[in-house]
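We call the chains A, B, C and D, going by the order they appear; numbering starts again at 1 in every chain.
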């Protein structure tokens, strides 16, 4: 296995998977950056969109576009419903986090009960599940499309945050909620808007990435670990730090896949996270997280 | 060393309940009931371990199924490599639970509470991948060790051993609670900031109690492996986080011994529901846990102070 | 040798100047720090105790620079502070509140502390069952448990009636006799004048006066400030 | 938002009442269905019912039970007994599900439902945890784990563990049969009978006990490496495939194999992860790596999910048609082939009842019901101790082949003169159907092989 012949695959797959990891993680980092809420049911919403598309497009064979739109709306409603039910009863961060995780587990058990256990279901894709050859490397069209869309979404979200009036209010809330409240910003409303956008982003990630994978009741774990790892490495500060962090994880995984005989690619994300915590506890984004 | 802990109502009541369940299981003489009580005891040990650290210090530890897995897998590893006898297997489980708890809390407790929780949730998810990657190096026959020695070939005798372990652990925690360290732990749960400002560096105390807690959870893992004669990646499953945490909260967060009655109620309900409604039990359980956390964040059992 | 030296300490909170290069040294037993609300008294105390770090300036305790030390290390050296708003441990009895801090600087005698602070008959009660005056005494008892050399007391008389204030003054005199040194912040000057040896007067973050009580009473602008205008002594 | 004290108490009481009512109702219902007028022999079946594998095994057992009950059931000392299956979902197909589920299932079946015999088990670690329980309660347990440990468990302590029988081919003698297919396929290609030439071979296995016997620690040290090398293959890559690969796609793994100019990939997987692997194999652009003139490698091997074409689960659309061209390998009449004269009737009956083809274990489960009933009839007694001697003398020619037990209750497999339990290979064609391609009954002939360009080669015989 000479290294030169692997040069292109590592670069291309590193970039491809990196952008897809960024797509999965932006929503998570955005919500925490603004509201310090750790959306532990984030992975479950990713799974919900997939099951909704399966229910509408495959079981009731509605046209794909319509099922996608319905699924996005349903996922946002479920996401906000979870958020509101918890908020109605408690503001204690511990109970908040535990209950969000419980909702993720509840959704897992419900889907496992309704759609049958560990059998991988397939949902239709917007893009053909075919690969083209480029620089001697096979690139799957739908993965390529999703990484380009991810790039587009990153620009859209940064434009929205940094160039629009609502963006300023979001940054103010993230900076200091109390002060922004005094300046007349309705921080509660801002948090709802940011939460809805983050659920929309995770739904889009699910729509683009799940068709090349399988829909199972435990599929929420992998995107959740990625979003977690990338956000911690990014420092949970400004959301755009999640992008370099995503590339660090994807390149490390691909390189370890090629060079290390054992299947270590799964643990790579975690090892990097621990390294970042010990070496630069504030992560790339510099959000002061020193206790 | 004030001894009024040992005279407190909750201590006596818990010991009586544990002994009662053993006697009832003799009376009913249905192996399924005995197995249920045995599983309940293991989960109670875990929720005591969880509550002792997360309950008192409010640092939520989502990673206990990782340490449960460590206890179970090291039991398997030491049995396969060194053929240790059962007492040593359990002692090593406490030891490795303690060490891994120590190392991980040192690395993560420096960061803010919310990150401690965040990272602790990653542990079990990564523990599974770690085993899947290095199972051949760890000389595992399959993705886990099977054919482990069982505590005893009769279920009833195994239940007695495990109940004894549960009582020993309760006594261990109560002795610790009645020492100066116990006072500091309660202080951390009460107002850690005031302690830091007025002279006590709480960091090492937190590391100590998390290590002890994870040692206790390690013991539960080892007992689980020795009762099912198998130690594999299933011990990292989220069920081994969900059940102990709900038992601890249902029993009253921070009131360690609330877990004893709560544990028996919850495990008996779920094991028997499992017979009739099968998989639906988990949905019922998750829904029950959500209602519990939202309506009664500090648990329901009033009689345990 | 001055027990405590503060050299050119300033503290800026994002634009607002809480303290402006304060320098003073303490070599008496009881130092009173006076000044209107918002003068920076509590900020100065917290900087000495290590809760806040100064924007610039240094603090010496027994000629040792302690500016960078964490609060709990300063307590181990002998500087302990009470909270302005009492923060007892509600899940513990009075005795346990004191016991908690009794092992930091060689075990202090809990019974003696309880006797000195007059909390005998509340020993096994919980803080919620204590009258406010006794909560203030518990705050002091907790600090005494760390066996400190210097006690930093933040408005110990706040919210007390005259009867309770008299009790505390007797307690402070007893502590001085036992060799403790006290730094007391108060904006009700009259009660402290009887026992304070030296005075530090702050106004809007700046040092206005430093010196013995006698000179403080004769000082013109202090008199004008306090006794000329509204006499709220 | 705090609720007053008494509303909290009321809510708890309501929750507890509902739960208790649910249990008592359930218990009453269970009690009702158990004391019917007829006399029943209860067969407990702990199975992974949350996956098509378990559902298939239950269906084949039910088929045998219905047939036996159809012609009168079993008469013991003059009284008529009918067979009745009580199944229990251990969810064991998913490796992350706790083993304690299997143990609870066994204990419940034996002590709550009072079953007379046990048939079932799939995942090797769950089965190994269940064996001591069956032995402890002296109940016969015919299991279908592929792990050789099952017969060592019996051999170690025969008097205590004699209740355990392994009704399926264990991993070691599976290995012998697995080697057969690629060797004969190589001969077919070497003779130029099939266009594509294969010498570079990659072997990917899931992580389980039965694959560890073949793949070991991976790389040149693994047990399968030397035999394939000796026969003339060049094993380019041999390792376990990751469950969650980088970027959630196997493309990076396949680009590694393409770079090694791999011409055939041999999978060993019984779990539920292969559909993703196979659809990635199909969507991957194998000719991208010009340097090695990349050609799409043949995909073959023991892939349990690839054997299912049916109502509850259809592999073809689970891989978006990706499995076209994949050879899958197994036992038992997964397609109509007369291994014994009862194979084709079993296949037809199974297909007409459940409208999908049986998988590799179904022939064995179906036979198990039959030879267990024969043993009961010979013993004229329902106690396991009485039935065991007769069960040991089983010599049953079932749809999957001739079933005989060794002294340690493992399945005796003999290859000469004719394989007692022949292996079978099938290929997925473009039309979404599974076609029989090869069987170890006559290993030198291949039938209806579809080449990558779509043409079907009806019959080829390799001349040695």
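The definition used in the following text is that a contact is a pair of C-beta atoms (placed from the backbone, for glycine too) under 8 Å apart; a residue touches a chain by one contact, two chains touch by 3 or more.
These numbers were taken from a predicted model, which means no experiment stands behind them.
More C-beta pairs in contact connect the chains of A-D than those of the other pair, out of A-D and B-C. Subunit A and subunit D have CA centres that are 36 Å apart.
Here the CA centre of subunit A is 52 Å from the CA centre of subunit C.
We define each chain's centre as the mean of its Cα atoms; on that basis subunit C and subunit D are separated by 78 Å.
Between the Cα centres of subunit B and subunit C there is a gap of 45 Å. In subunit B, the residues that reach two or more other chains under the touch definition are 129, 132, 137, 279, 295.
Shown for subunit A are the residues that touch two or more other chains, namely 89-90, 112, 117, 263, 266. Multi-chain contact residues of subunit D, defined as those touching 2 or more other chains: 50, 91, 96, 218, 240, 242-244. In terms of inter-chain touching, the protein chains here follow a pattern that is not a line, ring, star or complete graph.
Here the touching chains pair up as A-B, A-D, B-C, B-D. The touching residues of subunit C, counted against subunit B in their complex, run 49, 51, 70-73, 75-76, 80-81, 83, 87, 89-92, 96, 99-101, 103-104, 142-143, 146.
Contact residues of subunit D toward subunit A in the complex are 1, 48-52, 91, 93-94, 96, 218-219, 239-249, 251-256, 258-260, 272-273, 275-276, 279-280, 283-291, 312-313, 317-320. Only residues 3, 8, 11-12, 15, 19, 22-23, 26-27, 29-30, 50, 89, 91, 95-100, 103-104, 107-108, 110-112, 124-126, 128-129, 132, 136-137, 147, 149, 153, 207-209, 212, 216-218, 240, 242-244 of subunit D touch subunit B when the two sit together in their complex.
Residue ranges on subunit B touching subunit C, taken from their complex, read 180, 183-184, 186-187, 189-191, 194-201.
On the subunit A side of its complex with subunit B, the touching residues are 36, 38, 40, 85-86, 89-90, 92-95, 97-99, 101-103, 105-106, 109-110, 112-113, 117, 221, 224-225, 228-229, 232, 262-264, 266-267, 269-270, 273-274, 277-278, 281, 289-291.
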